[in-house]
Structures are given as structure tokens and as C-alpha cells.
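Take a look at these structures.
In the two complexes that follow, chain A is the common piece, with chain B as its partner first and chain C second.
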Partner chain A sequence: MTTNDKRELSTFDIDSGLFRRGISRRCVLKGAATAGLSAAASPVFAPYVQAARVIKLGYVSPQTGPLAPFAESDNFIIGNFKEAIKSGLKIGNQTYPVEVVTKDSQSNPNRAAQVAKDLIVTDKIDLMLVASTPETTNPVSTQCEIEEVPCISTVAPWQPWFIGRQANPRGGPPAWKDFNYTYHFFWGLEDVISVFTNMWSQLATNKSVGGLFPNDGDGNAWGDKQFGFPPVLDKLGYKLTDPGRYQNLTDIFFAQINAFKEAKCEVITGVMIPPDFTTFWKQAMQQGFRPKIASLGKAILFPVALETLGKNGNNLSSEVWWSPNHPFKSSLTGMSARALADAYTQATKKQWTQPIGFVHALFEVAIDVLKRAPTLGDAKATVEAIKATNLNTVVGPIKWGQENLPPFARKNVAKTPLVGGQWRIKDGNKYDIVITDNKTAPAIPVGGGMQAIG
Partner chain B sequence: MSVHIRFLEWCANLCRRSVLGGDVIGPSHDHVDASLSHGSGVGTALSKFRVETATRTSRIVLVAGSILIFVLVLLPAFAGRTLVQEMIFVFYMLGLAQCWNLLAGYTGLVSVGQQAFVGMGAYLLFFMISTSDIDPLIAIVAAGLLAGALALPTALVVFRLRGAYFAIGTWVMSEVYRLVWAQVKSLGGGTGMSLATSTTFQIFGIEWIKSLFGVKTSIARDIIIYWVALVLCLGAVMLIYTVLRSRYGLALAAIRDSERAAESIGVDIFKMKLWVYMVTAIGTGMIGALIYLHKARISPDAAFSVLDWTANVIFIVVIGGIGTIEGPLVGVIVFYVMQTYLAGFGTWYLILLGTLAIAVMLFAPQGIWGYFSNRYGLELFPLRRILRANHRDR
Partner chain C sequence: MLSWVDTILQGALLGGLYALFAAGLSLIFGIMRLVNLAHGDLIVLAAFAILSAMTALGVGPVLAFLIAAPILFCIGYALQHFVLNRTLGRGVLPPLLVTFGLSIILQNALLEGFSADSRRLSAGTIETASLALLNDLAIGLMPLLTFASAVAVILALNLLFYRTAVGRAFRATSDDSEIAQLMGIDNRRIYSLAMGVAMVVVAIAALYLGIRANFDPTIGPARLLYAFEAVIIGGLGSFWGTLVGGIIIGLAQTIGAKINPEWQILAGHIAFFIVLVIHPRGLFPRAID
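Now for the complex of A and B:
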């Protein structure tokens, strides 16, 4: 065996050694080494350019990938924002130019954490802004908390943002810690639960509800037996059929549909990603399951999701966090919600979407905070300014530390009003959302009553 | 036997002619004098030759490499945070790439499921440091070893498959692990969890680094992570080099070139493959644990991301040159430069990555390094043994 091995070894070596002769290898190596070294070392020796102090805002959003519809209006909003502050921001006696550094999370939490770190370390931003889904807000907020950089986030219900970032997510309030540098404004589960149940109470049903909750940030929070839909529905006399957490991008929903049929569900609710809802709804129609009401979070925020359903999308209902009918004005440009939506449609030839208002409001809050922060570049002072925020924005009033939240979340979360609406077909295949319930925020006008799915 | 010796002599002659002037000598040469003649009775014929592995290039590389490593170790002392930050990324991607390279490039185990071990290492680390006071650095090692242990049952399943089926099998296994971890409610289930800031700061030596460099805690933490990343990355490179220089390396090369032929001459294929699979799982698991200690937040979709931890890694290895140690070094530089300068172009960046990978596969299937290495006979980490004539013996 040993000799055998050696023989094998020798033929092998000689064979491969034969053709390996190069005269010029040294010069090639030299070139490669120099190139490699200089590439690796250039940032070290790069001259440090002392420029005038610029206020830097970092902004992370999912510009590409499956979550891209959330960031569709980013360019428009940021363009608007730059126009509004082109003469700089006056703090004390000094006027500073403001720069926005945007980064794409590619709808990927790993990438989101990485670009957040880049913004903090390389761009040395003064304030981090981040929007759209826990998959984007949570990794960015976590990095900011570690790096002690103030961060304002939005467009994610507060529970997945707050509880989903705890070291002990099952621990409950005493074990849950609040955060020192990261602040969030949006609505919470309790709001969407009241909005949905208010909408359902407008129509006569058998009070049998089918729930579709995936195993992701939102789904786990919505379906939670302690803090989610189940306890509230129970109290209001609804019977919930929850076939359990399914994985996102499921192909077949027959098990769920059969369970709902068996329980004679007339109401469907849940928080699904758009492609899953499309699959579910098409299969439900095929199987002859047609509930009276279908109120879905996240799945049908954008008109394009309805258009893929053809006529079957009519009267599907959803939470409405912002619409052109919201009676609010931008503190930055003075534009009303309607004017902002119209400007967007004019600039992009696209229908308005809900994130427009919130991304705009994010920049409103940022400027308001920076104006009130006494010293530029002092993270603690900036945080104090965030805490003291009391601003009327295009999505409504934003103020942290309010009573409408449980005590453990009060410090870091501010709530904005939430209402409910139904998608209605208008001229052919186009959909428009009509606000059908405003009991949770009477200031926002309704456009009609609830209609059962035909 | 005698035919064999004739062949050796013929080769040696060829070698001698092709070596410049035929006098490559020097005391530092690695030589295995006459070891081939053992018990064969033809010692006189063979003692004219010796087997070398080091080349002039490789000796220069050894010196330059040592200096480079020295500089890299001291980097946090003089470089800005940005560079340290970027190097952490480069190191862990390179470490993952070298592990995959050993697996696919040398053993022929083309796995697209290595994210299983990244995720496993990461989740085990989170589990350990959130339930006990274990130091994260020890947890990294422990997580890696446990991930390696879990590679055993995984291997028993996927090794029943071959080629494309093996690739799909590994991916399926990694999805299985993702779904399993997504059910662990105490680690956040599908939502994921973040480490408490105070926990992420409890690393061995952090106070010492803080006072040594005079920096705040989060920077000291990054410096420690930088060093660990450097150690893991160098460890992966050295591991591959040592393995390939050993007799196991020859067995691996034989398996790669023809499994059947290797088996026929007595290589225990199953054992070799299993061994490599488990060792790369340990390496991948430790790197995965480090990555998520750095990110301080985990979710199943992120930790078991096929795109980040396998597709990008395959890109690095394929672009650079599969089956070479130098390849991933080149590949990671290309990947890093592209990501730094082009990621801002969104979808176009991904299209460009794909196009480049296809172009390299079509026109330079050996990768960038393979192309140059074939053309100019470059070898930074020589694995071949070259038979040379012993002039002094004459």
C-alpha cells in the first residue's frame, strides 16, 4: 500500500509539473502584487479632504427585490425633499447644507445591516432614516443601537419592530428592554385589529373568521395568542379558524381553504405577502370558496396586486395608513396629502401608494429634529430632540411617549392614525381604494360604506 | 515497475531541459531526496533527482505574504474604521469561499447548501449567548464544532445523491434546517431576534482594546471581530494548503479527476468526502457564527440565505478560479470591488454579476486566476512536486 501510494504520487507530480514553466512569471507577479496591495491599501493613504460641515442623513429602503413597491416613490420624495431644503438648514446662527445618502437593502436583511454599517462608518451620517417592513427596519435599527447613532424608522407595525428586536422575544414586558437610540412611528396590531373588526361589524356575517398568518415577522405577531388577533376576536364574539403558520411563498393553500370551508368562514383575514395572497385568492375562487369579507394586511397595499386578480379583486379590504383624503399637511412643503399624491402622479404617471406619505413624513421628522438639536453631531442631543418631537406631518401628528401605547413601548414608539378601506374597480381594470371605516380616526373622512364581496 | 522508472527518467530529462540552465539549486529547497527509491533497488538511478515543491515565485510570495499578514494584524492601529469594516467583509467572504472551494473544487462535492452551516453556526451562537454567559469567542468555536457534528447526519442523507442531485439535495437540507430554526420561538421564530447591545459588548479583551486604542466600545468590538475574521480566513487558507500538500490532497485530486479510478487504486472515497464535508462545515459554521455576532441580528431568511452565503460564494470561487487556492483570493477582490462601486445600480448590478459569471464560465472556465496561471505558469501556493536533477551528485 505504501509503495503503491508513492508510485501514484510520483507520476502524478511529474505529470503536472511538466508544462509549468514561465519566464515572465516574476514580472506578472510583481504587477499583481502591486495592484493587489494598492487596491487594499488605498483608503489608508487617501488624503483626507476637509470640507465644510454637511448634515448627512442616511436612508435605507428596499429599492430592488420583492419589497421594491414600498420604495417606488423614494426618488420622487427625496427629490422633493432636496428641493425644499436646497438653501440648507439653519441651526443656531449657522446654515448647513443637507445631504441624503440613500442605500438599497435589496429586500435582504443581511444587505440592510451591511449598508447601515457603511452609512455609519464610512459616510458618518448624523441621523439614520429607514423605512418599509421589519426585514429592513430591524437590522438597520439594531446596527444603530450598537453604534449609538440616532435612528428613526417607519412603515412596519410597531410590535414586530419592538418585540422582534428583543433578545428574549418570548419573555414579555419585564424582560423586554427599551432602546436608547432607535425610534419608530407607525401604527400597531391593536389598531389594525380594531379597524378590521369595525369594518366587519358593518355587514351581517356568521362571525366565523379564517386567519392566514405566515411564519414571518408580521405573521407571528398577528397570530400571537397573547398579543395578536386571537384574544381580541375571542372577546368580540368571533370564532377564529387558524390553520397554523405557513411558510411564505407557499404554492398550495388547499389545506387552509378546506379548513375555512369546513368552519363556514364568511370573513378572511391575515397578513400575507402579495404573491401568496394572489395564489390563495385564485385557489379559493377555483374551489368555490367566496367569503363575504376579506381583510388583508400587507398583501393588497398596492393597486398592482389587485390588477393581477382581474375582477376578483373588487371589494377586498385593507388597512389604510395614508391616502390623499387624509386631512393633513406637510410641515416641510406645506403641501396637503392630496397635493402630494397629485404631484407624484404628475411626476411619475403612476397611481399614488400609501408609502408616499410616510416616507415624506420621515424626512419631515428628520428636519424637525435636526432643527431642534442644539449641537450638530451630538447623538445624545439628537435623541433628546427626537423624544421631544411634536409635529403635525402629512400622515398626522407625531409625538413619542404617548398614552395610547403600553408603558414598555411608549419611549420608542409613536402612533399614527389608521383607518380601513375597500378596493373598488373603476373604469375597466383599474382599482381605487375607498375609505369605508373611520371609527378609529374620525378626522379622516369616509368615502362610502362596506360592501360584501359579490 | 521498470517501465515506471523509465518514465520517471524521461520526465526528469524533460524537466531538466526546461528548467532555465538546468541549475535550480539552493539550500532552502524542499527536497525529498531519493525517497522514491525506497525498497525498490533502483536507488542509484533515482538519487540523481530530487522532488521540489517550492518555486522562486512561491518563496517571494511567502515573504510578501508574511509581511502582508503582519500588516493586516496591525491594521486596526493605523487604518480608519471604514477599511477595518470592509476587510471584515472581505475576510469572511474569502473564508466561506475557501471552504466551498475545498468542497467543490477539490472533492467535487458541488454543494449549493452551504448556507445550512452558516445559519446553523449563527443560530447555535445566538442560542448559546442568549441562554448562558458564555464568551462569544468561545461560542464561535463551539458553534462551528456543533455545526460540523450536524454535518454528519446531513452527509448521510445527501451523499446518497450525485452531481446535480447532490446539489439540489444540499439545498433541500438547508431549507429543512431553515424551517426547523424558524419554529424555535425562543429565538424569535420566523421573526428573528437581535442581541442586546450589552451582550454584544461582552467579548473577551474588549476593555483591553478600548484602552489600548482609546476607542468606544462598538469600535473595540469591531476590532476584535476583525481579528477573529482574519484568523478564520487565514485558517481556512492554511487548512486547505496543508490538506492539499498531504497525501489526502492527492487522494482528493484523484477523486476530483476520476472517482472510479481513485477508488480502484484504493482511495476510500466515502471517508475522504465525509471528512472534507465535515471539516468545511466546521469552518463555514464558525464563519457564520462570526458574521451574525457582527450583525447582532438574526432571522431564518437572512441566516439561511442561499443568495448571500452560497450564490455569492460560488461567484467568488468561479470568477477567481475553482480548484486553486489563489482563485478565491482574486475572486473576492473582484466581488468586493464590484459590490462597492456598482451595488448602487440596483437590479443592473445583479444582472452584471450574472453576466460576468457566465462570460467567465464560457471563455475562461478556469477562472481569472486559472487563465493567468495557465498562461504564465504562476503558482503562489505550489501544490505540485517537481522532479529536478541533482547536479551536485554528478
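Now for the complex of A and C:
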């Protein structure tokens, strides 16, 4: 993907080609030298240099490793994006070609920080884009803040992104500082909590809720007695049974299932990784425990996770950040959410996933910001342009500085709408999400009411 | 009282799964003192092999396993013959590094070939079926089958080891490979055969792992740890010891979780630690070396 890598590769190929033909060492050295010279010299004579300077966007995402499902649509979206801006970007009366330099975080926060630094120092990017989970967005944003490079991030609830990057995450608002170069758009924990409880209120239950919160960043945030689910559920009259933080990749959920059975839980919630939810759900059924509602974050984001449950995934519910039924259009290509999802399915033969909309929106915002930034290469001017963003994207309107956030986070975070949905089986073992609650975002149409798990 | 019986029963059954993960590792470790860091990834590779057979031929998981097992035997044989045999006899570090590298290569190759999607082997209604023993006591059919298979695998490995000519060669090579070579045993061929057999055991583990939980290309290393602990607890070269080791970890986990779910994984590791302190060679070491 990167131009640098390609260049290195081609010189290497020339060398090894000479070796294979059995030319003497002197020849090889000469050849390599000429090759090196011509490689070094070629940009001077290359026609594109005479054109305007290239605008460089850096993009970091977890293309490999455990977080890879989030980045699965990256190639499709970047391909789409390149197609949309192939004639360049007009700023003032100059047209600039746009280049995207992508880097893989390998699902590793240290690696994410390293590639971010490479993008800033070696590739000299104009704007950093980063997506998918705090493990990716946080280290990249932090590097950008240090190096004073504007950065836009998405696909991570805003609390882990904003609070997780504070010097003292437990310090509270006066000690928390806002950021000058890094901006984020997504939803927050408070939105998931309202979406889940709104969904539950549609069905008659005994209000006994079982919580499955692992001992990781998400689990601790969701299960937090002060800022997570417990205080809200308490206020709404739900009784939460929280057996405690378990470790990810647990092989047996016997203790939890017994605790839920004892408390006669009719609702299950939590933020589990997909393999753990499969293990839990199957063992629950073996033990004859079947709640009326199961609303989970993370575990059932992707349709393949549902397919692994066979018929037993019907009517599981989760938060919906984006779906083809969202009534929004891309500012870049004019495509509706439905058209974007269909194009993805056509190009890859895979079902749509929620990150598609957000990664696309990330590039929408980038182009919008660059168009409005008065001088290219001026980080401060670019930041001002980000702050002034007011764009209708394929995931909804994006505008920083809104009232729907606590004052300390308003400057750096913009919220996108969140609704709730249930996965339903359609033809055979394929699943589709049906939006069942839109009290939090009435603009997004519901596709049906909540159904109890059969 | 009943809930404790229940907890212990579930823990023992979980131990069967860990023993299955560990049996292949135990075989390799026992015969050639090779710590196979890629063992977890080989389980995932086998799971994908079974999945491929299922989707390509439209058969159930058991039949797919029967098709995949001989292929995996050959892969194991070739892996040992062409790669791992070259690393033996030069100290402990080279095989360790090579299997570590193999682990990374396998993960990325699987990611390239099968994408990062979380997959599972679907076995139909048997997955969630259970036997009601008493009013409030039910055990899942799959955990029970897993345990039975673990016992069967250990029995079969013991028969192979102590009742056949190949087994005698395995034991001889394990005890002293140089003397075994003097007696006309080609220890490299023995090693390759052992790896082939280990891959078949790995395929059985993969079958049960794939039916029990999701797998994706990067999940292997997490599976290696319990397997490794079960082997060490059981003692070098003892298959029954490996089963006992698996059960000890399983029991420690469920009992720990009964007290508090936060202690589930930790309790297993603590049990391992205690055994290591009291019996550094494990509970039933076959050979003293």
C-alpha cells in the first residue's frame, strides 16, 4: 500500500534478477548502483512532480490480528474513496492529487503507535485517520497530539477514547484536559445504556438482569458502579446480578449461569468477546437457562458471529450504530446507506457490517475538512476546519461542540445516533438485523417491535 | 451440597477438554523433548481443515474429521521431516524458536486464507442437548462426549506406546535416542511418525474445540497455555498424568469460579503452581532425566 515499501521492493527485485542471471559481482554492483541512481533520480524527471503537491492521508486500522473483522471492509472503502477523488481535490484554484497511506496496527497498541509515528515522520501526512477500538484509536491519537498532527478517529465509544487518554483517568472533569489536535466521532456508553433499557421496556419481564462483564477495558467500564450500567439499572428499577469480572477466553460459564438461574434473571446483558458469548450461550442452553432478552455489546456485532450460533441466535439484541436502513447519504459519493451496503456485498460477496458506514464517513469528514482548510499543510488551520465541521454523512450528521455531551468532552467528541436492534434469521442460517427501538434517534426508522427469545 | 457435586462434575468434564488439548503436546514433549509452541495454532489449523472439508463436501463434522485426519497426519509427518528434524540435537533453543516462528506463520497464513471471521463447526442439536441426572443437575452431552473422547485418546495412545513395536521404538527413542540408534532405530523417522500421530490427536481436539466454541486464526496461543500446564502437572511422558493434569486444572477453575468468577482462570494457574512447587517433575513422570 505504501509508496515507500513498493520502491524498496523494486530495487530489491532488480538486484536479485541480476544475481539469477549469473552476472559477476562487479556487474551487479554497477547495475545496482545505476538502479539506485535511477531510482533516486527518477522523481525529478517524473511528470507528476511538476503537478501540485500531493495531499497525504494516513490511515491506521487493525487489518490483521484479533480485531481484524473491524477492518475487513477497509480495502473496499478505500478503493471507493480513491475512485471518488481520482481527479484530485480542488482547494482554492489549485487541484491536488490525494494519496492514502494505510498502515496495519496488527491489533497491537504498541504497533499502532509505531506506524502512526512512521506516517507522521516518514510519510509527512497532512491528516491522520484512525478507526476501530480504543486499542487502535488511542495510541494513534496520542502520537498525533504529541506531534501536533490533526487526527480524526472513530469506531470506539467516546469514554475509553477521551477518558482513557487522560493522565489520570480517575481524576474527574477538572483534572481532565481536552485535546488540541485529536477529534473523535462515535457514540458513548450512556447511549448503549439507554438503547438497551429502552428495548427491555418493550417486553414484560421480572426486571431481574444478569450481567456478564469481563475483566478488560470495556467490561470494567460497563460494569463500573459509578459510571456504568449498575447506577442506571438501579434507577430504572432493574435488579442486576453481577457475578464479577471474568477473564476473556473462559472455557466454562457454569458459575455465572447458576447465579443467573438462582436470581431468576429474564434479561442478560454484557460486553463479551464473540467466542466467550458462544461458549456461554451454549452452556446456558445445556443447563436449561433461557432468558427472554439477551442484549450484548461487541459479541454479536458481525453477522458471522450469529451464524456460528446456528438457530440459537434468533432475537439476540445489540446496539446498532449503522445499518442499510439508516436514512443517510454519503456526502462524497451521494450513495445511500443501502447502496453502500449493497455495493460492498456485490464487491466482496459478504454481508454488510457496521464498520463500513463509519470508515466511509471517516473519509467523508477528511475530504470535507481538507476542502475547507484555507492553507494546505497548516496543522492549526486544519484543526480549525475540523472544529467547524457540519456535515451530513452516511452515518448521520457530524458536528463537534454539541450539547449532547458533558462540557469537558464537547470540544473533541461528536456523537452519532445509536439505536437498538434484534438479529432475526432469514432464509436458512443467514441473519439480518431489525431495528426494534429508535427512542434515542427517531430519525432512524424501526423495522419491528421487540420479540422475546423463543 | 448438590451445587458442589455439580461444580466438581462440570470441572472434571472441562478437564477432559484440556486433556484433549494436551495429549498431542504430551506425546511430542515425551518423545523428543520438543516444546511445540505452535501446538495451539496447529489445533486451529486442524479446526479449519475440518471446516473446509465440511463446507467443500457438505458433510457433518465427524465425517469431515475422518477425511481431514489422514491429511493432517501427512502434514505432521512432513512438518517434522522437513522442518523440525533439522532443529533437533542443537540444544533446546532452535526448536523453540522454529515452533514460535511457525506459530506466527500459521496465524497469518490462516488469516490470509480464511479471513478474521470467527468460525465454528456446527453439529446440530447435539450441541445444546443435555442429560438430566437429577432435578437440578444436568450435564451437557457435548462435554460428556469430550471427556469420553479424551479417555479414549489416552487409552489408545497407551496401547500404541506399550503394546506395539512402534510404541517400543517411541519409548526407546524417548529414553535414550543415541542407544536407540545403535539398535537400528531411525530416530528421525520415529519423530516424524510421532508428529503425525500427534496431529491426528490434534484433529480430535480441534473437532471438540470447534463444536464447543468459536475459533479464529489468532486464538491458538490461548489454547496452548492450559495444554502445557496439564502436561507439566501430569509429568513428562505420562498420558494418564496428562488426563489428571487436565482434570486438576478444570476442577480448580470451576471451584475458583464458584467462589468468585474473577478467580476462575487464576485458580487454574495457582493449582499448576502448587503442583510445581510440591512435585517439580509433575505427578506421574514416566522417565527420570
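The rule is simple: the second predicted complex is superposed on the first by the 402 of 454 C-alpha atoms of A that agree within 3 Å, B and C clash if a C-alpha of one lies under 4 Å from a C-alpha of the other, contacts with A are read in each partner's own complex, and residues count from 1 in each chain.
By definition in this document, a contact is a pair of C-beta atoms (placed from the backbone, for glycine too) under 8 Å apart; a residue touches a chain by one contact, two chains touch by 3 or more.
From a predicted model like this one, the values you see are computed outputs, not experimental measurements.
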For A:Glu135, is the partner it touches chain B (first), chain C (second), both, or none of the two (neither)? first
Once chain A of both complexes is superposed, is A:Asn312 in touch with chain B (first), chain C (second), both, or neither? second
Check whether A:Pro109 is in contact with chain B, with chain C, with both or with neither, and answer first, second, both or neither. first
Pick one for A:Pro69: touches chain B only (first), chain C only (second), both, or neither. second
According to the stated criteria, A:Gln247 is in contact with first (chain B), second (chain C), both, or neither; which is it? both
Specify the partner with more touching residues on chain A, choosing between chain B and chain C. B
Give one of first, second, both or neither to describe whether A:Thr279 is in contact with chain B, with chain C, with both, or with none. second
Just to be sure I read the superposition right, which of the two partners does A:Ala255 touch: chain B = first, chain C = second, or both, or neither? second
In the overlaid three-chain picture, which partner chain does A:Pro160 touch, first (chain B) or second (chain C), both, or neither? first
May I ask you to decide whether A:Asp234 touches chain B, chain C, both, or neither, giving the answer as first, second, both or neither? neither
Do chain B and chain C touch any of the same residues on chain A, and if so, which? 64, 215, 245, 247
Taking the touch rule as given, give the residues of chain A at its contact with chain B in the complex, in rising order. 1, 3-26, 28-29, 32-33, 36-37, 39, 43-44, 63-64, 104, 106, 108-111, 113-114, 117-118, 121-122, 134-135, 138-139, 142-143, 145-148, 160, 163-170, 177, 214-217, 219-221, 245, 247
Touching residues on chain A, where the partner in the complex is chain C: 64-69, 72, 107, 215, 243-247, 249-252, 254-256, 258, 274-276, 278-279, 282-283, 285-288, 302, 304-305, 308, 310, 312
Complex contacts: residues of chain C adjacent to chain A: 3, 6-7, 10-11, 14, 17-18, 108, 111, 115-120, 122, 124, 127-130, 138-143, 212-216, 218-219, 222, 226, 250, 253-254, 257-258, 260-262, 264-266
Complex contact set, residues of chain B against chain A: 4, 7-8, 11-12, 14-15, 18-20, 35-36, 38-40, 51, 56-57, 60-61, 64, 68, 78-83, 85-86, 89, 130, 179, 182-183, 185-197, 199-200, 216, 218, 221, 247, 250, 253-254, 265-266, 295-297, 299, 301-302, 305, 307-308, 333, 337, 343-344, 346-347, 350, 372, 375-380, 384-387
